[in-house]
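Below: a set of structures, written as structure tokens.
In what comes next, chain A is part of two complexes: it sits with chain B in the first one and with chain C in the second one.
Now for the complex of A and B:
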């Protein structure tokens, strides 16, 4: 158990380090120089050199990385080159919407997977099962951003049912009930898009898992003892849920990337939208901050799914 | 051999896409009216886009980009994944441990943003798209190959190879073909994942550069006209969805085939 936790921790820190080093070197590979945002035409070459010296850009790259990392540990993540605000301030406003979208998507996927998986495994071969299979197969093939656009086109523009983009009505007082309701309204379409995209793979795995479990010997014995079919199924469920938990952890990076994609389609003011914009305006400090936060989210998510997996299956707990 | 039909369809799509520029110019603009947009008609079966370009011809012309990116990046990811995974599984021990740790780390990275960043730094082009997608998706393949390699290593024929004492590299070479068998399904899925990834990059404007079309970039183009010209978005979207459905079905059929083979053995 402790060994597993340490393993997770080490690979998590490793992922963070790789992200930091990779993005740091990419920034310095990029054409152009951070100095250009600090100079104006009236400056002499000596002035520019002094700016460079002040920023530490005349030092070798590894030394810059070292100093930058030291600043990072002290909570200084740099300053955005577009909005000239500290990166931490820029990110702080964005984390909550992203967490809201990702976590609610995750919750919906999990609930629907459990329901659809059980239904299609229990009535395997029926029209319900075939219908679910059709929906999940198509769900696997639809790019989520396209689904988002189509939903905006029909639900918002044509039928005028739900708001097409944004987070909350800016006219409403923050924290009021109307404000919360407005967020829920804005959340509906991105949530639907993300859920449909993420649902397909997990439902298929879960159905397959339950079917496999139903065919195992211990459940044959249960059937032989005369247990009704729904109680046999109930026994199968818990054991079939373990791979689901692990898979959810593995799909997490994809889910996060998916919700970033969806954010930029629906103008959801989260990390994803910020990141896409930062990549285009070459706002590297912000981009780097987002990379680090995303890595952190994935690491934490993986650890959670690991822990959940052990909670569901005592065999894993004992073997490690 | 049901999956051959999928291959025939994809091959025809590729052929048509390569032949079409000979007869029609996919970038042929028509700005005689105040807007190029026009719905499906006899002269333009799938309508025209904002610059008066024929959507049907562009969608077909874009097929070679999307399919090409899908197949080539799959080849990259399968080759890298096979190399790393087979070494990890065959050598075992400490090397295996280190490689597994590296894989663990790499799989925890926010790939989308790293791709975005690399594209922004290198400047988008067809080749960077292929390379970036291929090099960011080989990790699951490596995992799969590693497990398979460990299994193949214990097969009787590998014992025979080892008994000849021709060195570890020769042994490793003989183990690879057997370990590659279950890769077929994940290779097919890799193609469809890569097509999806390309469409995402194209949608963000980081894919192939205009005037060359790809399905993703056509979708991006359609967003602004979703209300007035839905045909601009529907054609490339349907192409993406149908191609991925076909490729996934091919993968399923292949797996079914190999399962039957194993049972009949």
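Now for the complex of A and C:
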């Protein structure tokens, strides 16, 4: 067991290192740099070059990587080239909103897909099943960007039910109950957008898994013994959800990537919006910081889901 | 249920009374005027800080922290007399020491500012000194007229920043200024909140709070405006005007922007180095149609590289009219032959170009498509190449000579001073913003002499000549001067007359009903 954990750790760190080095070069290969993000006839070329030198951007790429990596080992993630703040501070400011949005989306997706999956497996082939398939597929097919704007137009502007964008009403005292309630109201639409887009896959997996289990011999025997249908379903569900543990680990990167779009649309102050801005302004230290955090989350997520898979399914444990 | 929810959702009047809510399209980077390079940051900073001088609605210089100034020694000496009894937001008195500190920090090579060379003349730094606490003397190595306009640089507090690292100090996110509003909170990617400065030297603001909400997506900002979550939205698409004005609380104002759009000719291109070819291309395009199709009529055709609102705008310019027949005869005159395939050729080389357009803006690609059709009808082939903004910049402002483009579509936003050195002086190629490679000795001389005299009437004559010459040489195909469409909530009072300086020039008089 300990050996397996160590193996896992080593391969995780390896993946992290490779991703970091590769993305460092990839990011810097894109044309442009943080100083020349715009041109202004009032700016002089000499000034631009001097600022680049001050920021060390005139150095060869391997040297920049060496320096950045050295600092990183000492726990220094560098300083943002746009806001001149330490990258760790910049990230810390945005982590909470992103985690809130991503985790609640994940939670909603898990609960809803379980219900929808069971319902559509139970009444497979009926109009309910077909309705669910239609709705979830449409949710998958609609770009979240567009769906978000449509939802704002109807729910927020036309019916005035929910706020259009942002995180909380800026005029409320931070930390108050009203403020917390305001966050919940602001969360509703981005949450709905993210959830609708993520329903289709897991629902299909559940439906397929349950249907497959229901056809297996042990459940056939159970049915023959006269077990009521809902009891049989409960047994099927347990075994059908095994592959989902693995899928969950794979959903994580998708959710993080999806939050980039959703955060931009709803002006949600999280990592996604930060990432989009940093990419356009070539804020290398911040971009690298986001990449490291996302890679770490994905590596950890995968490790967790593997480990969970082993824990719930003895067969996986034996084969590995 | 719907009623209940909307009941507690609607902006309650206690929350929004005396609160002005504006939209920022992007997260500000830093609130230190010396380091700012983005419009979001400068929109916020301009409310927190003041300069020695500022611009009024007509973009004329008026006193701010200086009550008046005297130019002497043939334009080599500027003396600014500072306003007394001005305090920083923390109560500390404002003196000439702060002014010196600001300009000395700007000139320090370690400061990551792109404004340093604004305060250098021919490579020599301008000297700043203070005979007493309320006088600042600026000494120049030679007369330099554009400097006066640059004295609007916002002043930062010496007592707070002396001896600190200006590039990274916490001040940059918690600024202290002398402006009408003082810093309150900044929630990253969410909002920046400022509160009124009761001791503002221009009069206590009527507003209590100024809130900048960060909403990157235009359609979402439009929804926020309609919902009443923001009070002003700049840059409304003309197509949205009916949707906005249908709402009773909203009205729309339009005003000229201080910029012009153009298509630049790479003058090092063998075809484009011939002025006849460039003229033929200008004659081929009906720019009034472009104003209609791209700006939906909110703009006017440009003929010279300066805004018609400027005192340096030459009144007598002979516009190059839309005349495809003249295009054809000019090309013939230039030695081109039109072949069976419909295109023009010279020395077996087809008259064909690629135009670079930035992907970001909507106007660029649309302009290019319209021009493509006009050029095709006179036998000039145009290929459109869209590029991501940074890649685009690298091509046109890189150090290469010649540069790897034929044509490019861009806009210049101008400073209120007409000095055109960085765009048109031949020394600004290949490194610099004269990326088309324009070179005209007479224009160089005029631009140089325009910097030496302070008298506006004399300068106006110099620039009229320079801009007329540039227009004759057609290094650009000037497109248009766009107008901004801005939607405003009627609950606001005290807005300034609409103009390129925006609506908030006299922010201390703005209030809500």
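Here is the rule we use: the second predicted complex is superposed on the first by the 269 of 320 C-alpha atoms of A that agree within 3 Å, B and C clash if a C-alpha of one lies under 4 Å from a C-alpha of the other, contacts with A are read in each partner's own complex, and residues count from 1 in each chain.
We take it that contacts are C-beta pairs under 8 Å (C-beta built on N, C-alpha and C of every residue); 3 or more make two chains touch, one makes a residue touch a chain.
Since we're looking at a predicted model, the values are computed, not measured.
Engineer: Examine A:245 and indicate which partner it touches, taking first as chain B and second as chain C; both and neither are also allowed.
Structural biologist: neither
Engineer: For A:290 in the superposed arrangement: first (chain B), second (chain C), both or neither?
Structural biologist: In the superposed model, A:290 contacts chain B only, not chain C.
Engineer: With both complexes superposed on chain A, which partner does A:157 reach: first (chain B), second (chain C), both or neither?
Structural biologist: both
Engineer: Tell me which touches more residues of chain A here: chain C or chain B.
Structural biologist: With both complexes superposed on chain A, more residues of chain A are touched by C.
Engineer: Would you sort A:282 into first (chain B), second (chain C), both or neither based on which partner it touches?
Structural biologist: both
Engineer: In the overlaid three-chain picture, which partner chain does A:302 touch, first (chain B) or second (chain C), both, or neither?
Structural biologist: Touch status of A:302: first partner only.
Engineer: Determine, under the contact definition given at the top, whether A:22 touches first (chain B), second (chain C), both, or neither.
Structural biologist: Only chain B is touched by A:22; chain C is not.
Engineer: Considering only touches as defined above, state whether A:149 meets chain B (first), chain C (second), both or neither.
Structural biologist: After superposing on A, A:149 lies in contact with both chain B and chain C.
Engineer: So which positions on chain A get touched by both chain B and chain C?
Structural biologist: In chain A, residues 30-31, 149, 152-153, 157, 264, 276, 280, 282 are touched by chain B and also by chain C.
Engineer: Where on chain A is chain C touching in the complex?
Structural biologist: 30-33, 35-48, 50-51, 54-55, 79, 82-85, 90, 93-94, 149, 152-153, 156-157, 159-172, 185, 264-270, 273-274, 276-277, 280-282
Engineer: Mind listing the chain A positions that touch chain B in their complex?
Structural biologist: 10-12, 14-15, 18-19, 22-23, 26-27, 29-31, 137-138, 140-143, 145-146, 149-150, 152-153, 157-158, 250, 253, 256-257, 260-261, 264, 275-276, 279-280, 282, 287, 290-291, 294-295, 298-299, 302
Engineer: Over in the complex, which chain C residues touch chain A? Could you list them?
Structural biologist: Listed in rising order, the residues of chain C that touch chain A are 2, 5-6, 9-10, 15-16, 19, 26-27, 29-30, 35, 37-38, 109-110, 112-118, 167-168, 172-173, 185, 187-191, 193, 209, 211, 213-217, 219-220, 223-224, 226-227, 229, 388-391, 393-394, 397, 412-415, 422-423, 431-433.
Engineer: Under the touch definition given earlier, write down the residues of chain B that touch chain A in their complex.
Structural biologist: The contact residues of chain B facing chain A are 101, 104-114, 116-121, 192, 196, 199-200, 203-204, 216, 219, 222-223, 226-227, 230, 233, 237, 240-242, 244-245, 248.
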